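Structures given as structure tokens follow.
Two complexes follow with chain A in common, the first pairing it with chain B and the second with chain C.
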Partner chain A sequence: MARRRTAARGTGGFPYLLVLPAVLLFAAFVVAPGVYALLLSFQRRKVNGGLLGGGTHTVWAGLANYRDVLGDSDLWSGVGRMLVLGAITVPGTVFFALLFAVLLDMERTRLKRVTRLTIFLPYAVPGVIASLMWGFLYLPATSPIGGDRVDFFGSTAVFFSVANVAVWGAVGFNMIVIYTALRALPAELYESARLDGATEWQIVLRIKVPLVMPAVVMCCLFTVLAALQVFNEPNTLKPLSNAVTSTWVPLMKIYDDAFGNSDIHTAAATSVVLTVAALAVSFVTARVIQSRVQQEAK
Partner chain B sequence: MTAAPARAPQLDPAGGAPKPRRKVALLPTTALVLGALYCVVPTLWILIAATKSRTKLFSTATYVPSLDLGIWHNIKDLTDYQDGIFWRWMLNSFFYAAVGGLLASFVSAATGYALAKYAFRGRTALFNTILAGVLLPQIVLAVPQYLLLSKVGMTDSLIGVLLPQLFNPYGIYLCRIYAASAVPDSLLEAGRIDGAGEARLFFSVGLRLMGPGLVTVFLLQFIAIWNNFLLPYVMLTSDDKFPLTVGLYSLLRHGADEASLYSLVVTGTLLSVVPVIALFLSLQRFWRIDLVTGALK
Partner chain C sequence: MGIIEERRAAAVLLAAGLLVTTAACGGGSDKKSDDGTGTPAAKDKGKTVELSFWDWDPNMDKVVAKWNAAHPGIHVKLSNPAGGDQLVAKMITAHEAKNGPDIAKVEYQSLPALVSKGVVRDITEYTKDTVGKFDQPTLKSTVFEGKVYGIPQDVAPLMLFYRADLFKKYGLAVPTTWEQYAAEAKTLRSKAPKSYLTNFDAADPGWFTGLAQQAGADWWTTSGTTWKVDIAGAATAKVANYWQGLVDDGTIAKNPSFSPQWNKQMNDGTLLTWISGAWAPAQIGGIAPATKGKWAVAPLPAWTAGDATTGIWGGSATTVTSDSEHPAEAAEFASWLNTDDAAVTEQVKQINVYPAATAGRSLPVLQAAPAFFPNQPDFYAQVKKVAPSARSFQMWGPNVTVTFTGYTDNFGKALQNGSSFTGALSAMQNATVADMKKLGFTVG
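Moving on, here comes the complex of A and B:
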């Protein structure tokens, strides 16, 4: 403690200077847009009536925008689609990331370097570009994977087609996160298990996986966050297929409100609702998985 | 039943190999190869498709490349399209990602260093805010950010795309942990006794020792900005400021009316994937992803 004190004394305003840029950026690009969106969400445009002719003016609307937004079936079906997509992408990404990481960590696996790198590379491909590539693979006219026989944009298939692009882009990064955690475990841990005659898979399931749980938790959180903000994949596939509408997921609905309908007040209200809901979900997810890990550690 | 059957160097089927060799685990290797194939197939297909001329793209067998040098025609067509705007997009993407990544890493380093190395009023509150920021889905903010910036007339500018991406709570979080473990207090104390100012200690001791961690924070942010779509998509209206993602998307949308643009989209997609993969492979050894998870210990 004494050392802390001395370190703090005589430093003057320097620590404040160091944190200033981040605080300013946070205020300007997180707090201010949030407050402004909140403000806009309580307002609404009204067409000037009477003899003065056209034009609009802004009036206070109270909670009317929120009532409209929450009563809008387009938003709710968007939320539903987002949940379906998340139900595929979150377990899909984490499962394959964990599986590949464990396989890479096995002693007798070959071609580790090249497979690890190849699986990681899609991380550097933007979601839009990935969706373009997969879009052409799905498109009947250009598909090399049977798009002329299977309808990749069918009412059920479209969820898997969209989710597939997201999983493709995310598996590699999460795999590396888990793999790095596996490499950090001391090899002696497995020695006694091997002497006791444990198989490689028993070691994986009983020792390795429980010990890298914190990394797996982190991957779950990353993918849940990504699932809540899904936009790039469906938005890019939209020009290629009629199956994806302009309000297909909540973020696309916000975009459509703001730019398609030029209704910034509804867009602001929807943004507030989605941000609060997403923040709540990510907080709860973080809490739940954290407490579960702690329980397992006991 | 004692010795594992795999440990039998004398019976090595390879024969003649002096050092003991273990049997290859066939199933895990096969699974990994399948995973790698899955990851590489879209890129391979786009490579093949880019060799085809406009008319052949939709008419020939999809996995047979065209050998009549169609790819050069396609690249030339793409370069001719609107006076080479595609290359402009490529430059813009590199500009946003490199400059944004550098500035964001510096901001993160300064904040992380202050949080780890100084006791100051408001430190706990700041750190908790940043932790909450990690959980905030940032892309959801793009539309509110646009609404605010359009109010102050900062949309459709480079700054409007750059500034919102400089605050990176996860980067700050990583830098704090990295400063705590890589910069010893005793070294800073010794510097102070020698009369070094706080600013000098930060620049010449702190930043230097945090170097490897900062490269990781930079690369994470570089990729995040490179991959970002919604923010530039809402902020920008003039196409000479577009990054690749927005540019190619706008090409695709025009392609819905004019099918000949599809071969430009295909070629552009290929060209946009190649440099970043090359960059990635060359920077590979600087990656310290253990820092991403090291944060958990």
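Moving on, here comes the complex of A and C:
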């Protein structure tokens, strides 16, 4: 007891030293740029005068950028499309991740390692490459999956085409999270369930799924956050069809403002708005998760 | 097991983080010592002047090598950080950070924007002799309010590229008017239901802008310090309505160009014409390598028979940036690149440019056909014939990227939803004017 206390005292500063790099990196690459973006969002660029402007200077704009951003119908249509995409990707990803995890966990399943790796592999493919690959699969002239008969870039179909790329890439990772939670459950539970006469599917629905609920809910949080940041898939598919505009989702609008129109100030204001919204969503989701988990515990 | 794994992962992450921080610190201090001692020392001793040059032309390195061999006092270092509009974005960012290049290739439509942002320098004093080597219509793209902001490299009149073999096979005539073009497009559909005469491209605004110029549009005009924007006017609306008619009844395809889909269509004969700039042969060679020797070039169809007027798609200038510490030497290189016979000859050979300099257009190298068009030895003679009647806008606006994004988005939407092309033009007009007013330009 006494020995343990001295040991704890001796390492007093050590934990702080351990988190120092993370804190420094966070300060340098998240906090500092964040503060700078906030500053930019209150400014605006004006030309000096004359026909060609004769150079530019920065002026204080107050809340004008925010007024413009919040009143911009392009942004709100983008938010709408992001929500539609999220309504497909979040349930889609979590459902398939859970399904595959449960199937892999069944005793009858064969070739588990190979199957697990195959389902996980798309996660290792960078988003841009995956989108390009799917783009080729969708385009009528190059499609081996019936793109000449089905219009994958139709006004409604395009949402499913984009969401499909996202789900395909994310299922593997989420499956591993849920599968790991499943493997951690004690085998005695299943034995006693079988003794009580439960079928394999009853075990899945009544025992496994409820017990891995915390992992499933965590996957929901991951997927919701990914849905808020959707950019790679639509941005890569954009040049392939007329269906995706340059402001299709909020992050594409920010990118277009900053690097297409070189209006970094509007881009900064939109980023701030989007960050606040994303923080609010994750806060609410996290609270819901916590109360859920506490209920499960009871 | 799980916990140990987790800790190991944490340790790895931590180590990675430390590596990143040390690497970042190391990089930073290295750079500082370079800047601190390298540049000023070289300047003081009056040794070789180092110029950095941003350009995306393939094979430009061979042209630059010629300069470096002949000019030991001024060494040009070529790099290719990006092409077209992306390079413009890079130049603006680099200007903010004060580490831009000395010399950069800029497309004509982007030049006013870079001048208005103070990125490109006025080189009038260094180019008094050089400007005499270009005709007035060409200089209009780089000289604003009497000040020279760049040396023209090439001009690309809009022309009609067509599949000579397939035109013969289906018995089509090479159209000389737009009316005839539409008629041939319909004939083709009846003879070869899987083929189209062309596609309406909403992705790249270049060709449509050229067609608007041919029809007599002036999207931007200036008087004094006031701009007038007229994107949705009668001339452009005429072009939009013509193409809407062909799209609506399915006479032409409507998928974007420069996509895998389009490459295949160009290769397998689904598309029979391409309305493009004089630089097209090099492009088709990359897009549709299977069609070598099957293409031919003709003047762009006219609105009224016999009218030779055409528009322009592309063409660039060599500019000197306001961050350059050696503007005189940089301007000297820009002048050499675009007016020296050897330099221009090399560019025609390597990059397939059609020279902007008046003398450059009579170089012997232009007697030969481009490599991809061996069947058309009079290729450059054709280009030379239409070049004098190629018209651009009075001036490009100071925020063309906004207009061009507006084209891609609104024409894309119109093709997707079947809505009207003139509506798309109005949206482009409104976005352009709003952005100019926001930046503080006077719009009348």
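Just so we're on the same page, the second predicted complex is superposed on the first by the 272 of 298 C-alpha atoms of A that agree within 3 Å, B and C clash if a C-alpha of one lies under 4 Å from a C-alpha of the other, contacts with A are read in each partner's own complex, and residues count from 1 in each chain.
We take it that contacts are C-beta pairs under 8 Å (C-beta built on N, C-alpha and C of every residue); 3 or more make two chains touch, one makes a residue touch a chain.
None of the values given here were measured: they were computed from a predicted structure.
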**Asked** For A:251, is the partner it touches chain B (first), chain C (second), both, or none of the two (neither)?
**Response** first
**Request:** Give the label of whichever partner, chain B or chain C, reaches more residues of chain A.
**Result:** B
**Request:** Could you tell me if A:283 is touching chain B, chain C, both of them or neither one (first, second, both, neither)?
**Result:** first
**Asked** Counting only touches as set out at the top, which of chain B and chain C does A:34 meet: first, second, both, neither?
**Response** first
**Request:** Using the superposition on chain A described above, determine whether A:184 touches chain B (first), chain C (second), both, or neither.
**Result:** both
**Message:** Quick one: is A:115 in contact with chain B, with chain C, with both, or with neither? Answer first, second, both or neither.
**Reply:** first
**Request:** Mind working out whether A:99 is in touch with chain B, chain C, both or neither, as first, second, both or neither?
**Result:** first
**Asked** Just chain B (first), just chain C (second), both, or neither: which does A:45 touch?
**Response** second
**Request:** Answer with first, second, both or neither: which of chain B and chain C does A:242 touch in the superposed model?
**Result:** second
**Message:** Which partner chains sit in contact with A:18 here, chain B, chain C, both or neither? Use first/second/both/neither.
**Reply:** both
**Message:** Considering only the contact definition stated at the top, list the common interface residues of chain A for chain B and chain C.
**Reply:** 18, 21-22, 25, 136, 141-142, 180, 184, 239-240, 259
**Asked** For chain C, which residues count as touching chain A in their complex?
**Response** 2, 14, 17-18, 20-21, 85-86, 89, 92, 112, 115-118, 144-145, 202-203, 222, 224-227, 254-256, 258-261, 264-265, 270, 398-399, 401-402, 405, 408-409, 411-413, 415-417, 435, 438-441
**Item:** Interfacial residue positions of chain B with respect to chain A in the complex
**Value:** 1, 4, 6, 22-25, 28-29, 31-33, 35-36, 38-43, 45-46, 49, 57-58, 62-63, 107-108, 110-111, 113-115, 117-120, 123, 126, 129-130, 132-133, 135-141, 143-148, 151, 163-164, 166-167, 172, 185, 188-189, 192, 198-199, 202, 223, 226-230, 234, 244-246, 248-249, 252-253, 255-256, 265-266, 269, 272-273, 276-277, 279-281, 284, 289-290, 292-293, 296-297
**Fill in**
Interface with chain C, chain A side, in the complex: residues 18, 21-22, 24-25, 44-47, 49-56, 135-136, 139-142, 155, 180, 184, 239-247, 256, 259-263
**Complex interface listing, chain A residues touching chain B** = 3-8, 10-12, 14-16, 18-19, 21-23, 25-26, 28-30, 32-34, 36-37, 40, 96, 99-100, 103-104, 106-112, 114-115, 117-119, 121-130, 132-134, 136-137, 141-144, 168, 171-172, 176-178, 180-181, 183-184, 194, 197, 200, 214-215, 218, 221, 225, 228-229, 231-232, 235-236, 239-240, 251, 254-255, 258-259, 264, 267-268, 271, 274-275, 278-279, 282-283, 286
